[in-house]
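This is the structure, below, for whatever I ask next.
Think of it as A, B and C in the order they're written, each chain with its own count starting at 1.
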Amino acid sequence: MSKSLSTLITTLMIAGAGNSFAASSIDMSVRGLITPSACTPALGNGGQFEVGKIAAKDLKVNDYTVLADHTTHVSVTCEAPTLLAIEPKDNRAGSEAMGEPSYFGLGLINGSEKLGSLSVYLEKVFADGVASKATDSLDAGATWVRHSGLGPDRITSVASTAAYAPIPVQVMDAQMVLTPVIAATRDLTLTEEVPIDGSVTLTVRYL
Amino acid sequence: MGLKPALMSASLLLGANAWGMDECQLNLSETRVDFGLMNRAVAQGAAAERPLGERRLSLSLNCPNPTDLSLFYRGLASSGERFQFTQHGSYSLRASDALLDGQAVELGLLPGSGQPAASMGSTLRWRPEHGIVPMRAGVPVNGRSLSLQLEVDAWAREDALRVNDAVTWDTSGLFDATHTGRSRELRLQARFAPAACTPSLSNGGTVAFGKLSVMDLNLDKETTLPARPLVVSVACDAPSAFTLRLQDNRQGSATGPGDDTTYGLGLDAQQQKVGRYRLIFDPTRTTADSFPQLFRTDSPTGAAPWSSASASPMAIGASRFLGFSASAGSTSGPEPIQQLSATTSLEAVIAPLGTLDLGSEVRLDGAATLELNYL
Amino acid sequence: MKRILIPLAASALLSGTAHAASTVDLAVTGLITPMACTPALSSGGLVDFGKISRNDLNLTNGTRLPHKYLTLTVSCNAPGRFALRMRDNRDGTAHVNSEIFYGLGLDTSGNKIGVYSVSFDPRQTVVDDLAVVYGTESTTGGLAWRTANLNPIDVGSRSLLGFTDVVGSTAGPSAIQTLTSTLKLEATINARQNLDLSVETPMDGSATLEVVYL
């Protein structure tokens, strides 16, 4: 398990009622957290983004509709320079409508219709105050390529402008741009209100 | 005076001849052949009969004067070659190493007294209704003394070994030296015992819940106690098919809707039922011999029809017979097992405290008897 | 003289004792007692080591964490004899196998994170209004108890731990109504080279301390 942030509400595990058969026993818990080097991620606005209400008639019938971008801020602060990567997880896996492996889903209507996609991109990346670039790996960190966005199919780190290999960073911050896209409405049942329900969990992974 | 002595000697000679035939002796080195105790071990192969072994004895027939020493053996035939050893078995006789007056001879097989020999050899299978006679150069010969070695082999049919009680086979035949008027009985015995299986329980068969505080028990509803493991082991001296049942020695004291699988925990001072328990067998926590997996099967009668062998847990009962099979879905019933080890789960439930008389000591007092029956 | 002989019929005899079913007896025993003892732990029973940087862990040996203390009180409705035992709810995750070691869970690759033990010190234990108490243990479920003394005792999953006011006693715990004891918890993390610490790794120990009525 790693420290993670969700773009929606994170559920907390409430300490259980105990494993005791009866009142003649009491539970003891021993907790702690071994952290590789205590990097704490943070998302602007607590990771919640409200797209607002969109009338179905304002959406294209036979083509996808790109909604307005949402720009926010992501940062990772560590106790010491650390080689790290951001690993996203699509909590709406299987609902991505464009067939793009690097996009996230926006949920399903009636359990089967894919509402659309969410693309996420990092720009204006700074590593310890130095302008840098984001870099992506599609093979869990074996090789690094030019950054094209955060996706469920890759991990993203920070590199110098000169090369693609990740560099250790103590404070990383970047602008994060979210672009929701709705699928052609001819494929969707929009007779009732449909929630646009994207949920992505970003996890800091230590390289 | 010259004639009288000749007459006297002639009569003396005649007397000696008549007296000689009654003086023949027929002896056996053993008059009782015991094939020992067989137990109900499952046969290794698919043979229809099991050899019980081989025994040897020697026979001697001695006469004062040269006589026809042919010998018959009287015994019930089981086939052309063998004799009956009860309806469930057979034995054969083989004669060899014949010596007539100290010299090796061949033996001829006689289909009847006075008949010509049907076959000949230095070793002869003694067939029912047949006799043997010493022969030289293809011709029967008389003599004074005959000795031979006899080999007795016995067999039991496979179904004969499946006994539920100890059984003894006891049969006899008669060696009859027809021309001498002498005979001698040979007695054959074999004993069969079923394999014995001994069931045992871990911790001496006691599941001790110790002291349970009233604080830990529900007032208005039953309390289910944490399940306790109990290992049921069965050790047999040979693979045996068996079933298990559990009889309640606290009959009538189980709380709840009673069924065949619930057992009582006794009564309190006011004759209220303290609780109940069940003993659950789980084929996935049961091992036997070298079977990779076990399945449980049961029947209300201890005989067919057997339920389809399943891997799901089952509570043991007082009237259903529970057994184990190595084949999923089998309806052939329990398979022979030599060592069984089953980790069972004892699940106990205490009656609502409100129904019990807590003014006096309330004991959990379950007592049951695990019973193993052979198939 | 020829005699006519009748072949003797083969006969079989049934003999021996009937092969009766084999049996063995099962007994279920217990006693419902009005005695009731309620244990309680300070801090809700939670011992939290907070964040531990992986760089602070030894590479090739286990790392001992700072000792932590908890207060246990056992309050009974009347003086009675009881003992204590602790069950590991993370059984199988202790990297050292022993009755007195409790697990801290597994890391992301299934390695055992570490162990902890909890010790009772008779010198840090107050029973009713006694000046001194002595600790004793039984490995036989209460049938036999070792000589009571002042040595600290690690609580275990199978052995029973108790207190008596008689030094040197082998009769087990004496009747107690209230017990208060300061417990010491010692935890050791597995050698870093045995663990996968590429992600944040929570330590997750959980045990249940139970009162066993004697």
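The definition used in the following text is that a contact is a pair of C-beta atoms (placed from the backbone, for glycine too) under 8 Å apart; a residue touches a chain by one contact, two chains touch by 3 or more.
What you are looking at is a predicted structure, and each value in this text was computed from that prediction instead of being measured.
Visitor: Out of A-B and B-C, which chain pair has the most contact pairs?
Guide: B-C
Visitor: With centres defined from CA atoms, tell me which chain sits nearest the overall protein centre.
Guide: C
Visitor: Let me have the rounded angstrom distance from the C-alpha centre of subunit A over to the C-alpha centre of subunit C, please.
Guide: Taking the average C-alpha coordinate of subunit A and of subunit C, the gap between them is 45 Å.
Visitor: Report the inter-centroid distance (CA atoms only) between subunit A and subunit B in whole Å.
Guide: From the centre of subunit A to the centre of subunit B is 76 Å.
Visitor: Roughly how far is subunit B from subunit C, centre to centre by C-alpha average, rounded to an integer in Å?
Guide: Inter-chain centre distance comes to 49 Å.
Visitor: Mind pulling the subunit C residues that touch 2 or more other chains?
Guide: 36-38, 211, 213
Visitor: Specify, in ascending order, the residues of subunit A that touch 2 or more different other chains.
Guide: 21, 23-24
Visitor: When you check subunit B against every other chain, which residues touch at least two of them?
Guide: Those would be 213, 215-217.
Visitor: Residue numbers of subunit C touching subunit B in their complex, please.
Guide: Those in contact with subunit B are residues 1-3, 5-19, 21-38, 77, 141-142, 211-214.
Visitor: Which stretch or stretches of subunit B touch subunit A in the complex?
Guide: 213, 215-217, 225-226
Visitor: Using the touch rule from the top, collect the residues of subunit C that touch subunit A in their complex.
Guide: 36-41, 44-55, 57, 65, 70, 72, 86-87, 89, 102, 104, 108, 113, 116, 118, 185, 187, 189, 195, 197-211, 213
Visitor: Subunit C touches which residues of subunit A in the complex?
Guide: It is residues 1-3, 15, 18-21, 23-38, 79, 203-206 of subunit A that touch subunit C.
Visitor: What part of subunit B is in contact with subunit C in the complex they form?
Guide: Contact set of subunit B toward subunit C: 21, 74-76, 83-88, 163-174, 176, 178-179, 181, 183, 185, 191, 193-194, 196-201, 205-217, 230, 246, 249, 263, 265, 274, 277, 279, 346, 348, 350, 353, 356, 358, 361-374.
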